[in-house]
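Sending over a structure as structure tokens; questions will come in a sec.
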């Protein structure tokens, strides 16, 4: 008994250490109890997506705080055990094993890259621990990687690209060139766009793959200009996206064609500046500006602002809120943390926690949800966080997902 | 360059009973130590990682510490073992032991392929050629998504039940996993110990000490290098294969050049050209990283500082310094 | 050509060019078995280049080298030890971190095994004995367990010759064996060379002509990369050409 | 399992103009490599130090520029100030960290700078944060101009021009000054310089500072192209290494020619199999090393 206490205290201090290092949030150590519901939370705190990861932690803290204030699970409170996955699947797997074997966590939520989520998922499903993934991937829906313990709160590329494609192809023309980062995220996006484009008879003039982590697109852009497309669809992530958009702007391409992207990252836009993103159209799972129309978003934003000095949550951050919240509400509804009871309870949820109505599809536990189509503004007027216009909403519909059969699940 | 503090210490002190005995029974000693080692580490998965990276550093050390060739391409050897094991288990349904065995072979084979090209060069050029070739290997594995899973990594290298001579073990259990890996590592230590004490071990030392003299004495230095590189690849391949079944995934990062840099760091920290140095380096590095990264997100500052201080003030590394001190 | 048992080594119009520079031109020499042959010449005469061709450090640009009647031109250097040719270097060349005994033991091992990774080397007793015998021969038996790098210069040269002998060569090539030695060390080395020559052929390159006159059976004189003269010490002494280009100048 | 590198329709629109433009883009890209590689090569040739922190100095240049711009310093002044500041930092690094390692073998400085790059990157993260910042192209240099085969961003032409100026300046420095004479002699044979009785320590210090300063300038120039982020030095360092090795370590002419060659190889690969652009760089290096292990203009056996 004493042994376990020391270990858990050491761990707690560790958790607190991470939290303090990333102030302003802190964990309530005083109230720490043996019977807390523990949620492991591996995110890439170090490295290029550190800012994004910090926002994920913040949003997850909001969900924890709300759950605990509402009395927890019959008085049993929840806590978040944050770990740095370093954006490395090997490290993430090690951390996931540690969280399960050592900290005896009840649930796992987290990840910011497809590779990391698949690694964590592999660990959790082998050990029968529920994992809610909060970053994009089509692969995790497929039968080979899916397990009953796998949930996917984030959008997947098929949904995102489909929504953006349906909007863009109907408005800007049929001649399309794809510029895509050469890895699963990018290729899955292109597949999604092409799939959506069938209905519009789009003509693909070029499908150019660039290596991930490219810092210069100048050798690709003249060729794209020569192809004279109506739409240039840039499917890459993070810094790749920022540099591609910046350099496309420098080459004067925005005057020649419409640039679209499956996802416009809120933090990415802030890092790259307004000039690079101006006029680019893309999708997002969440943008704080939807609060004018959606009450749950308003409530979530207000709570977030209150806890973190007026900041607004980012897109990937808000996914962490949803991911943690659904599992905790599932546990609450099930009256237990036993995975076999929590799974059906989460499956049964019809929730509207932060972005309008959502539910998990039975066969692949993919969250069916809306996709917001946004356009990057020229220059924010008075609020520096006011960077996007919402120009359309792709309402939640199972029809926008790949069918269960296509994913290899039995119908 | 010379790192043979350990051996020199031994030849200097042949009569020193305790040291001599410790030296002769070093494999047995390490086996005893590894038995209790998990109790000293915060969690088992970390202990397993230390064993795996220690083994990886051991393989690297054979080439760098004992032969004197600095490779910046060892990630390709580690990765080859990892992917071979993973692919055989996932796509061909082979048993775990076959994965480990063929992972070892794959590490050696990859070393053979890279070595055939790289062995013609030496010094900094050898480091650069191995770096370039390992990057090529990285991109090949990256592109071969059908087999390797590409950037998503290879998932599903799941080993749950294993049986050894009628003994049934549940591999997912952390304690079992640790001791299975530890057994493999002790086996590898035994092999390394035999190699170092063998006639070929003497050739390796001689080649490092003085290449021209070794050649004049009648040794085919290029082949000595190639064979040592292949042996090094075998150890690294086994380490990679163990990692695959430990994590049950093979991330593409395994092949990345940062994985090569990591092993240089560990070997340097522990003490190059010493028997236990690589394990001590791996243990200290991973424990520090674990502790510091719980304490601050800026753990890389710490890693960099340890590295710089080590180069400046402890070029012999931790274990090398200890042995040097004992020798005095 | 006919195989003459008396000829151990033969170079047939060998030459060596480095880029545009011709270091050695058209040298044909027969080296007699059992003799001490010294290669002499002023600085830059091509002595070292010729020595390196004989010892296989690099192949000639033209011509051929025959050892005991077989063509060894272009044979990799590590094969030479196995054929029965051993050499010592101009600059001291031992395994500095190994003991004196281990230095010779490793050298002796080359004839037996290289890639044996399983047997403990301690089990190969006869190699250790060979090393001990050679230590006695070169006068280092009292330095057996010293780290080679800590030996005196003359001792290291002796050790190197011991290592060369470990491959039981029929032909021993020595590149300026007394370079940098004190007069006392030089004397000991010369005695050793004469002793060694009783059982094997010795070819040595030497800068100091006076030194080798007394011990050599034959001399080769190189000048500007060409063979100037060849013969017994007496013949060389009386050779007008040699006198003009070599003896005429002040010896240093 | 292999994806076809070419999509069926991707050859459309291949014209002479495009190939010309592509070659030009390659040269423009290469000129950034050159800025990094000449420093690496200079430092290696003189000090036999493989500077793994060179990418960090590149990144540092971008951040120093960012900081100067943010406090209102004009971009044109930055062009002078940034290399001076980063070069000054380089001097300190050589003096304090690298000098104690001379004579200890070539691996030690390499390993030290490897660790140093971690420290520099993390310090920048602490000071400037983990996410990147945009850097606007200077107003005078915005837009694209017609270069005969098509339009090309003015700023990239400017980067080429600056690289040209640096190369000419460096050439004059090496050819016309006594320091330059020493450096050239030293790059050919470090022994000679020592024999000449020159205070080699001062020359080495200066060469290291000079190399780092040029890397810093490269970072500043790259900032408007790609923004700044603490990790930006990593990929370019790998590419600069390839350039240095292909050109021959220690050879300035080699660094320049190889830099442009690598740029062109990348741009031509981009035309036919863009996803292979990175592989092509390393494959080029492997091939060159196999055919000519010392690189185009390197001294054979330098490092054995």
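Letters A, B, C and D mark the chains as written, and numbering starts fresh at 1 in each.
Heads up, the rule we're going with is that a contact is a pair of C-beta atoms (placed from the backbone, for glycine too) under 8 Å apart; a residue touches a chain by one contact, two chains touch by 3 or more.
Quantities reported herein were computed from a predicted structural model and do not represent experimental measurements.
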| item | value |
| --- | --- |
| Maximum centroid distance from chain D, chain identifier (CA atoms) | C |
| Inter-chain centre distance, chain B versus chain C - centres from mean C-alpha coordinates, in Å | 42 |
| Chain centre separation (chain A, chain C; CA means) in Å | 74 |
| Chain B and chain D, separation of their C-alpha mean positions in angstrom | 33 |
| Intercentroid distance (Cα basis), chain B paired with chain A, Å | 37 |
| Junction residues of chain D - those touching two or more other chains | 125, 275-276, 278-279 |
| Residue list for chain B, restricted to those that touch at least two other chains | 145, 298, 300 |
| For chain C, residues that touch 2 or more chains besides their own | none |
| Chain pairs in mutual contact under the definition given at the outset | A-B, A-D, B-C, B-D |
| Touching residues (chain side chain C, partner chain B) in the complex | 55, 76-82, 86-87, 89, 93-99, 102, 105-107, 109-122, 124, 145, 147, 163-164, 166-167 |
| Contacting residues of chain B [partner chain C, same complex] | 2, 4, 7-8, 11-12, 14, 194-195, 197-203, 205-206, 209-210, 212-221, 223-224, 227, 231 |
| Sites on chain D touched by chain B in the complex | 1-3, 50, 97, 100-101, 104-108, 110-112, 114-123, 125-126, 238, 241-242, 245, 249, 275-276, 278-279, 282-283, 285-286, 289-290, 293-294, 302-304 |
| In the complex, chain B residues that touch chain A | 42-46, 49, 142, 145, 150-153, 155-156, 158, 160, 172, 174, 243, 247-249, 251-254, 293-300 |
| Complex interface listing, chain A residues touching chain D | 46-48, 50-52, 182, 204-211, 213-216, 218-220, 222-223, 225-228, 239, 242-243, 246-247, 250-252, 267, 270-273, 275-276 |
